[in-house]
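Shared between the two complexes below is chain A, which has chain B as its partner in the first and chain C in the second.
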Partner chain A sequence: MNIALIAIVAAGVLGAVLGIIIGIVAKAFAVEVDERVEGVEERLPGANCGGCGFAGCADFAKAVVEGRAQPGGCPVAAPEAVADIAGYLGIAAEEKEKRVALVRCSGDCANTVRSLYNGVRDCRSAVLVAGGAKGCDYGCLGFGSCADACPFGAIEIRDGLAVVHPELCVGCENCVAACPKNLIIMVPATAEVHVYCNSPEKGAAKRKVCKTACIACRKCVKASGEEDHMLVDGFLVKTNYENPPPPELVEASACPTSALRLASKHVAGGYGGASK
Partner chain B sequence: MSNQTRKFKGGVHPNDSKALSKDKPIQDAPLLESYKVIMHQNIGAPPELVVKKGDVVKKGDLLAKAGGFVSVPLHAPTSGTIKMIDKCPGPTGMSVPSIEITADGEDEWGAPFVPMSDWKNTEPKMLKQRVWDAGIVGMGGAGFPAHVKLSPPEGKTIDTLILNGAECEPYLTADHRLMLEQAEDVALGAAIIARILGLETAVIGVENNKPDAIQALEKVAGKYGVTVQGLPVNYPQGAEKQLIYAITGREVPIGKLPMDVHCVVQNVASAVAIADAVVKGRPSIERITTITGKSVVNPGNWRLRLGTPVEKALEFVGGVNEQPAKLLLGGPMMGIAQSSLGVTVMKNTSGILLISRDEVSQYSSDPCIRCGRCVEVCPMSILPATISQAVENKRFDWAEELNVMACIECGSCSYVCPSRRPLNQHFKRAKIEIQAELRKKK
Partner chain C sequence: MLSDFLVITIGAILVNNFVLSKFLGICPFLGVSKKLDTALGMSGAVIFVMTLASLVSSLINTFLLVPMKLEFLQTLVFIVVIASLVQLVEIMLQKLSAKLYESLGIFLPLITTNCAVLGCVLLNAKAAPDSIQSTWYGATIYGFCSALGFALALILFSSLREKLDLANVPKAFEGTAISLITAGILAMAFMGFSGLV
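Now for the complex of A and B:
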């Protein structure tokens, strides 16, 4: 009984003394933190995706408070959140256009000739073995290196093809560097019409390996009339994102290979892999 | 130099299947109607095109000149007209620029180099220039420009020249037949290279499974002051670092080159190409390739011109008995799988191999069971199992710490792995990522 009492008292006294020491040390060596940094961090999404170019949200928050970055530099934060941060810091929020990733390929398993491959299931490794399993040298390999790199689950691998869901994409650009074929570009979220092909080969060569390649027939260029909605680059047509075409252009141009697609229909699987 | 043979650590003994073609004499391939010569056949800078569509060329004329010091020129395999400069399937699976020549059927030599029959009294510098002008690369497989290896930088001394006649890859017999049939040319090439390096002698290393080649070489070796050394049969005996160890007992440190241990290694086929360039004044426009495989009707060794499509090469051997499962350029251990028959013969195409269906199986890889067999067989004494885990977790920094850069991609680890893990592929990936990172830092 006595021993137990001594132990409890001794431990209690020791605890109290150490507590006081810790308290003094904490006061004496306190690190000055701008509480605004914490305030900004609270208002950020906290995904730590690195899309802003800083080492996570805390680092970005610090940069914003120190004026090295704009609140709009966070690609993930919704406009309301950006406005909130700007209001909190008493600075003006910059208007920024939302950009989303686009995989410039429509060659799923039904569309491209595939060779047998049973090596590492990773695009960057697969590309080392005869350039990958897709018939097209420029096509999506479909092993999902981009999907792995996406912290927001915005990329789906569907039938051997990476498809970006624009509503989930926040524009952090992590996927852009992950693709060994450099297929992913950032486009304005408002643009609806895209060319889902990135092969610079001649039309006939592309058609041999892929049913839905852009063969640069220029039907879409003609359909846009005077407007320069579509730009021809060698044997490939590209959407002019400076002057994006209206959704009606897809219908009007009747793309013979269905490489010209509406993003919403492509994501929903509306093209079914078949070309006309 | 002692004649003691050393066995390097590790290695594997795959079924060599050389019996299919080792007794088949080298045959000259008939002239084809057209050749598609791949532009970039060497490690280093691509050569610069000097011809254009419609040009008429003679056999041996320059098609492209060297694009730098680590680069070699390219010559026409026959006389004819340049039909097209376009893309054709390359050995890595990607389409690569190539020059298509329509043969005129004359096969007439253009202005070849002046033969240097008096090479013994020719300046070594002139000989080296000839090796470069003739576009000779390492014909064992890597395609490294030969003249670069013969140019040790200031301060590096070379005391041993080794000719690589190990031919440890299963199935391949091209070097074997070459040493047997052209032993004199091999020895002559060795003597010329020795003169370029300022050496008196050279060693030709041959695996002991080719006793007839050793015998043939020994008959002529004395005349050219070279020696022949039998080597234990062990894959990868023909790898540069393993070969140097077997012959000299020196170990090339990680990240260093053979010249750091005072050695130069050249393939026997490169030596013959060098002898042809110097004594006959001929550029490197053909090579001996083993066309083999269980499903090939009549496997054999053929002297093929650069730009011969694999499709045509297979016609020379009578086609196939059954649908093969896989087409490889090179041997089964290090060869590269092809997806097209349109790929053409290059300076480093040592073999065209068709793997039949009963030799391969479809499998998926299982988790590592930590058995350590890969560690036992690794000739570079690295830890394949651990490195593969680092790569799977995208920890390339960790892989680098574990010396993945020392990997020679011989494939011994993948060969023995009971879980059939794609170890070699992981290491290739890691090496590329690490090099990309290094370039970024620069």
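Now for the complex of A and C:
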């Protein structure tokens, strides 16, 4: 009985003393935090993707409150969320066009010559072995370094080719840095027509290793008429994103290798298999 | 005297490694070993807390619990002491060293209820009264070295797991399965040190 009483009292006193000490220390060492930082952070997506250039959402929120960054600097937040943050802080929000990633290659397993590669399943490792196991030196290796880098699961590896799902892409640009072939660029989300090829080689050389390479036949350039929707760059045609072509251009130009594609059809797998 | 310390050091780090031969602290060993830099952060926090907890608990044990014949309260008291100690350290770190707080901060609450810390403290308390481990400095050194052993195992394991991520693992072994097998092989490798002390 006696020992139980001592034990209860001792444990109680110890707990009380420790509690009081923590209370005093918490008061003495309190750190002042701007409560607006927390408010901004709550309104951010919280993905910590680093797309804004800061070390995560908390850091970005701090920068916004201190005026070092604009609320629109977050590439992930929807326009409503940006307006919400701006309204919360009482500053004007700036409009920003949404940009999504685009993998400029259409050479999946059916369309491209590939050699056997049994090494580490990572593009950056594969590229060290004679530039990767692909006939085309400029094409997508398909090991998904970009998909691993994507915090939003927007990149799918389909039949040895990385495909970006624009509706999931938020434009954080993590994949752009991850691709050892520099295949990924940021394009306006509203643009529908893209050239899914990035090889600067001559048409004949490209055709030898890939059925869906752009051979710079300029059919699409002619089809767009006076408008400079398509730009010729050596042996490669590129979409002019300053003046994006209408979706009808794909039909009108009848691209012989189907390198010129509609983004929606490409993502849905509408160009699957080998073209003529 | 010096040989006693050497025995404690080698014993705690290699022979009786906390993770790989005492099987304490398995939770963070598997939980925060996916990346080397988080493993380094966790190791730093464990070394810090375990050393401090060993010192404070040993003092409380020798000057409070033993004289009052309350040794049966050791587990309870040590849990409370470790939890409040970690809380205190966290509050003070945030104010005194923002840099250190940012690198250790997330890991500190994780170790509050870590069995490796409590296990280390209890092992100190249960050590033979005439051994060096029952003195406060011996206990502190034992805590520090045990934490070093934990850090060694965690860093080795996380480096292995980073390599495993890139390896061609058979489908059936992917993920946790191959991690557990790797941990087992690592533990067997450490068994090679048995009998050294």
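Definition applied: the second predicted complex is superposed on the first by the 275 of 276 C-alpha atoms of A that agree within 3 Å, B and C clash if a C-alpha of one lies under 4 Å from a C-alpha of the other, contacts with A are read in each partner's own complex, and residues count from 1 in each chain.
Keep this in mind: a residue touches a chain if its C-beta (ideal position, glycine included) is under 8 Å from a C-beta of that chain, and two chains touch if they have at least 3 such contacts.
Please read all numbers here as calculations on a predicted model, not as lab measurements.
Novice: Of the two partner chains, chain B (first) and chain C (second), which one does A:A4 touch, if any: first, second, both, or neither?
Specialist: neither
Novice: According to the stated criteria, A:D137 is in contact with first (chain B), second (chain C), both, or neither; which is it?
Specialist: It touches chain B, and chain C stays clear.
Novice: So, A:A26: does it touch chain B (first), chain C (second), both, or neither?
Specialist: So A:A26 only meets chain C here.
Novice: Is A:S125 touching the first partner chain B, the second partner chain C, both, or neither of them?
Specialist: both
Novice: More residues of chain A in touch with chain C or with chain B?
Specialist: Per-residue touch count on chain A favours C.
Novice: Classify the contacts of A:A204 with the two partner chains as first (chain B alone), second (chain C alone), both, or neither.
Specialist: neither
Novice: Looking at the overlay, does A:G15 come into contact with chain B only (first), chain C only (second), both, or neither?
Specialist: In the superposition, A:G15 contacts chain C only.
Novice: Who does A:S115 touch here: chain B (first), chain C (second), both, or neither?
Specialist: So A:S115 only meets chain B here.
Novice: In the superposed view, which residues of chain A touch chain B and also chain C?
Specialist: The answer is residues 118, 120, 122, 125 of chain A.
Novice: Quick check on the complex: what are the chain B residues that touch chain A?
Specialist: 87, 92-95, 336-339, 362-364, 422, 425-426, 428-429, 432-433
Novice: Which residues, counting only chain A, touch chain C once they are in their complex?
Specialist: Interface residues on the chain A side: 3, 6-7, 10-11, 14-15, 18-19, 21-22, 25-26, 29-31, 118, 120-122, 125.
Novice: Per the contact definition, I'd like the list of chain C residues that touch chain A in the complex.
Specialist: Answer in residue numbers: 64, 68-70, 72-73, 76-77, 80-81, 84, 87-88, 91-92, 94-96, 166-168.
Novice: With touch defined as at the start, can you tell me which chain A residues reach chain B in the complex?
Specialist: 115-116, 118-120, 122, 124-125, 128-132, 137, 201
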